[in-house]
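These are the structures, in structure tokens.
Each of the two complexes below includes chain A, the first together with chain B, the second together with chain C.
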Partner chain A sequence: MPAAYAGRILRVNLSTGKVTKQPLTNELIKKWLGGKGIGTWLLYNELKPGINPLSPENKLIFATGPATGTIVPHKGYILCTKSPLTGIYTSSSSGGYFGGELKRAGCDVLIVEGRAEKPRYLWIDDEVVEIKGAEHLWGKNTFETNAMVKEELGDEEIKVARIGVAGEKLVKFASILNDYSRMAGRCGPGAVMGSKNLKAIAVRGTGNVEVAKADELIDFMREFLETVKETPSTGTSYPMWGTPGGVNGANLQGVFPTRYWHKGTLKGFENINAETMRKRIVVKDKACNTCPVNCSKVVRVKSGPYMGAVLEGPDYETLYSLGGLPENTDLNAIVRAQEICDTLGFDAMTGGNVVAFAMDCYERGIITSKDTDGLELTFGNKDALIQMLEKVGKREGLGDILAEGVREAAKRIGKGAEYLAVHIKGLEPAGYDGRGLKGVALAFAVADRGADHLTGSIYTYEMRGDIDRLAYNGKAAFLKDCEERFAVFDAMVFCRFLRDVYPWNILTKVIPLLVGFELNENELKALGERIVNVARAFNVREGISKKDDYWPERFFKEPLPDGPSKGQVIDKEEFNKMLSEYYKLRGWDENGIPSKEKLASLGLGDIGAQLEPYRKE
Partner chain B sequence: MVHKFIMCNQEKCTGCGTCELACSVTKEKTFNPKMSRIRLVRIDPFIDMAIACRLCEDPPCVASCPRDALRQSEENGVIIVNDEKCDGCGWCIEACDFGAISIHPDKKTVVACDLCDGEPLCVEMCTRKALELSTLNTLSNKTRNSVVKKLFRFLLG
Partner chain C sequence: MVVVKVFGNLKAIFGTSELEIDVCYEDKTVNSVLNVLMKQFGESLRRELLDSTGKIKAVYSILVNGRNIALMSGLNTRLEENDTVSILPLVEGG
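Here is the complex of A and B:
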């Protein structure tokens, strides 16, 4: 067993109550490293194609990485499952301290399968694993659950991952929270947990995490922390402003999604930017395990109608989804709105999207006040936003339909709503308008979990002008390299926000110090490629192909009406060219299916054969 | 005699826990917060603060030990544990007002911060400089100086 691993997969079957401890094999480690690598591989192999994501056949795979629990800055775990929102592959990473605790409890990977008959929670106390009754926790919100479990187990330092009411009610984009409010947020893992009648997972781990070369690792860290300090993003921008630092830039480039994706600049964005946040509501800076960047801001609303609202956030993404999309420039209202999402336990990005989508429908008369129980659901109505979010989390009234996510909600509402709905493969996009960022246009289209900004994470480089944001040329190759590097990040369980300090040559330096075996740049790239390809293969088995790698029609037709990206659309012809080039670079066929040859060259020959039925003649 | 000890500025502390792992790797060559002599307390969501031995004058931990296993160094004030004598009864843990002395998970004897010969890695690696190795006297001097500088910042430019 290489260092940096506990050496074990813990498998809990909630249907039978059986707990098994399997060895984490050398072979698995060498080929997949950890995190998203191991998680994706296990998910692909253990799930049959076509299963219902909310059935007992789905699994929740919590995978830590070799960096988890060490002094090398890391997130905590990656959660792989089949998404009830999109019906395809998803992985969601979460920060905080839960992942480290899991590893110290001797568990690199935790697999939860089956379905308990009654509400249960899982208690992992080092070697001892118990499935305990959770009837008394059912109906409690995420923060109450956290406190009650710790109280009941008699140790405040226990780490608890849990769902709220939204997860219980199978809101399709319910999240799993750990620590205070770090979360596996996107694509609805909380609903999968709810469908299993699993309310919480409590962990206490007291074991050691070893690394291959501790002394050299400390020397590396001394140098690394200097680099972190000197690098603008990690040394100044994220620590001071957090992700909200992006609000100014996105508006000044006209790509800040506003008025439910009809505009690219928010009038009055200065009221919700990082500077205003820092001045008015930030109480403290917070960091995930051993992270020198402390991008997280804890805020409290100090006056006015939302006084007392407390939040770890908002982030750039929620400032966009609860600020830009519904045209809400009241920072305090954004805090209150996200507090509701976190308390009930659902993704505030999709949450903001579905409510803003309903606002769009309301303004066009597609839905009326009869549908909204009298709520005046117009853009800018912040109280309506807050009330509707609460209805979504509790599945009340129109909220019950919106809780299905924008794709399904639009289908049910009909009357032209489907043209308005913004999603790729069923996932509502992160806050970057692809019309003004051509690399983002491609990245969101091909990302493994739908319109996602993290899989390829090209947005940073376009937003800050490292590459020309309006050029189509060269983006496919740039994106491919990003996807591979960030797949390796996710295998290590590193955070995206350290992207500037982990170029390939630093990754090749730090990984051996942790795991004790060498991986050169080419080997790491191949590892990244393998992960990208297995995730794609998972999706191909679910029916995904080129037809799904597109933005909604209106992004090709309707130009951005204002701001510095005025007049921009995604040009269909140019887009298709980028897409074809991307497939070619990836070794995928013209329909976006990984070729047999490519898969064989990556040592994934079996998958090549399994995908045969999905290839066109 | 005024001793230096490791103090934590709670306003600067982000709760990252690097100090715990820096300590654990220095003292035990492994990563485990439970092995650390400095321990982080997180009271969500607003408070994070690390606590290490405060090298008290007349330390109650020393006085409470029924086996005379603890003594205070005359040179730098750290608590020295005699592993032969300590049997992990934990009276010193009860006596310490700060929870700054704890049982070693493997050895089952108590451990406390020994300042690592004046160059602790926890302080070095604290990116936000929340940790400081200092005496209470220099702390108050520093605080006075910085508040006066703040008051007259219009003169200092």
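Here is the complex of A and C:
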């Protein structure tokens, strides 16, 4: 067994109560490394195509990486499952200490399957694994659950991953929180957990995580930490401003989604930017695990109607979803809105999207105050935003429909709502308008979990001017390299915000120090390609093809109306060229299906045969 | 006249987030705007914005009408009447 691994997969079947400990094989490690690599491979092999994501057949795979639990800065774990929001593959990474605790308890990967008859929680106490009753926790919010489980087990230091009311009520974008409020947030893993009647997973791990070359790793880290300090993003921007530092640049370039994706600049964005946050509400800078960056900002509202609201955040994405989209420039109201999402346990990015979508419908008369229980759901009405978010998390009134996500909600509302709804493959996008960021236009379209910014992470390079945000040429090749490097990040369970300090040649240095075997740059790129291809294969089996790799029609037709990206659309012809080039570089056919030859060259010949029924003549 | 917008720590140095600057027509570039600003705000601006070799620190971005000057002609990027020059901390996002 290579170093940096506990050597074990822990499998818990909630239907039978059976707990199994399986070896994590060398073959699996060498081919998939960890995290998203191992998680995606297991998910592909263990799920039958077409299963209902909220049925006992779905699985939750918590996969740590080789860096988890070591001194090398890392996130914690990657959660792979079939999304109830999108009906396709998803993986979601989470920071904090839960992943490290899991590994110290002797578990690299935790697979939860089946469905308990009654509410349960899982207690992993090093070698001892128990399934315990959770009726008394059902109905409790995420923070109450965390406190109650710790108290019941008599240890304040244990780590608890849990769902809130939203997860219990199967809100399709419910999240799983761990530590205080780190989370596997997107695409609804909390609903999968709720469907299994699993309220929480508590872990106490007291073992050690050995690394292959400890002395050399310490030397590496000394140098690495200096690089982190000297690098603009990790040494200055993220520590000082956090992700909210992006609010200025997004608005000044006209790509900050506003008024439910109808505009690219928010009037009064200065009221919710990083400078205002730091001046008015930030009480503490915070980091995950051994990370030196301190990108997270803990905030407290100190006065006014939302006084007392406390949060780890808001970050760029929630400033966009709860600020830009509903045209809300009250920072305190954003904090309160996100506090509701975190407390009830659902993704504030999709949450902001569904409420702003409803505002758009309301303003156009598609829905009325009869549908909203009297709420005047107009853009800029911050109290209505907050109240509607609460209804979503509890599935009350219109909130019950919005809890399905924007794609399904639009279908049910009808009357032209589907044209307004913004999603790709059922996932509401992160906060970057593809009309003014052409690489983002491609990246969100082809990302494995829908309109996702992290799979390719090209947004940073376009936003900060490393590459021309308005150019179409060259973006396909740039994106391919990004996707592969970040797939390796996710196999290691590294954080995206360290993107500038882990180029390929540093990845090839640090990985052997942890695991004890070498992987050169080409081998790492092949690993990245394998992960991208297996995730795509999973989606192909679910019916995904080229037809799904598109933004909604209005992004091709309706130009941004104001700001520095005024007049920009996604040009259909240029987009199609980028998409074709991307498929070609990937070795996928014209319909976006990985070719047999490509899969065989990656050692995935079996998948090539399995995809045969999905290929067109 | 050129509009200059500043963000991050620069706001405290400028005492405002936005100001208007007149530069002579023949030399209307980002560089000439910076020279005017350096004269006006002196050492504190120099320390915040420039590194020891006199270059703009890598932690700052400069945009002209929403386009990054790194992708145009850098500090020699020419300006038109009523253009907006924004100086802001590097944009990273989430």
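General remarks:
Assume the second predicted complex is superposed on the first by the 617 of 617 C-alpha atoms of A that agree within 3 Å, B and C clash if a C-alpha of one lies under 4 Å from a C-alpha of the other, contacts with A are read in each partner's own complex, and residues count from 1 in each chain.
In this section, a contact is a pair of C-beta atoms (placed from the backbone, for glycine too) under 8 Å apart; a residue touches a chain by one contact, two chains touch by 3 or more.
Everything quoted here is computed from the prediction, not taken from an experiment.
Of the two partner chains placed by superposition, only chain B is touched by A:294; chain C is not.
Legend: residue contacts after superposition of the two complexes on their common chain; A:210 is shown touching chain B, with no touch to chain C.
Contacts of A:312 after superposition on the shared chain: chain B is touched, whereas chain C is not.
By the touch criterion stated above, A:228 is placed in contact with chain B alone, chain C being left untouched.
Of the two partner chains, neither chain B nor chain C is touched by A:276.
Taken in their complex, chain C has these residues touching chain A: 5, 7-8, 11, 17, 57-59, 61, 63, 65-71, 86, 88-94.
Those residues of chain A whose C-beta lies close enough to touch chain B in the complex are 69-71, 97, 104, 179-181, 206-211, 214, 217-218, 221-222, 225, 228-229, 239, 283-292, 294, 298, 300, 310, 312. Per the touch definition, chain B reaches chain A in the complex via residues 11, 14-18, 21-22, 25, 28-32, 34-35, 44-46, 48, 105, 121, 124-125, 127-128. The part of chain A that touches chain C in the complex is made up of residues 232-233, 236-238, 240-241, 243, 245-246, 248-250, 252-254, 270, 273-275, 315-317, 430-432, 453, 459-460, 463-469, 497, 563-565.
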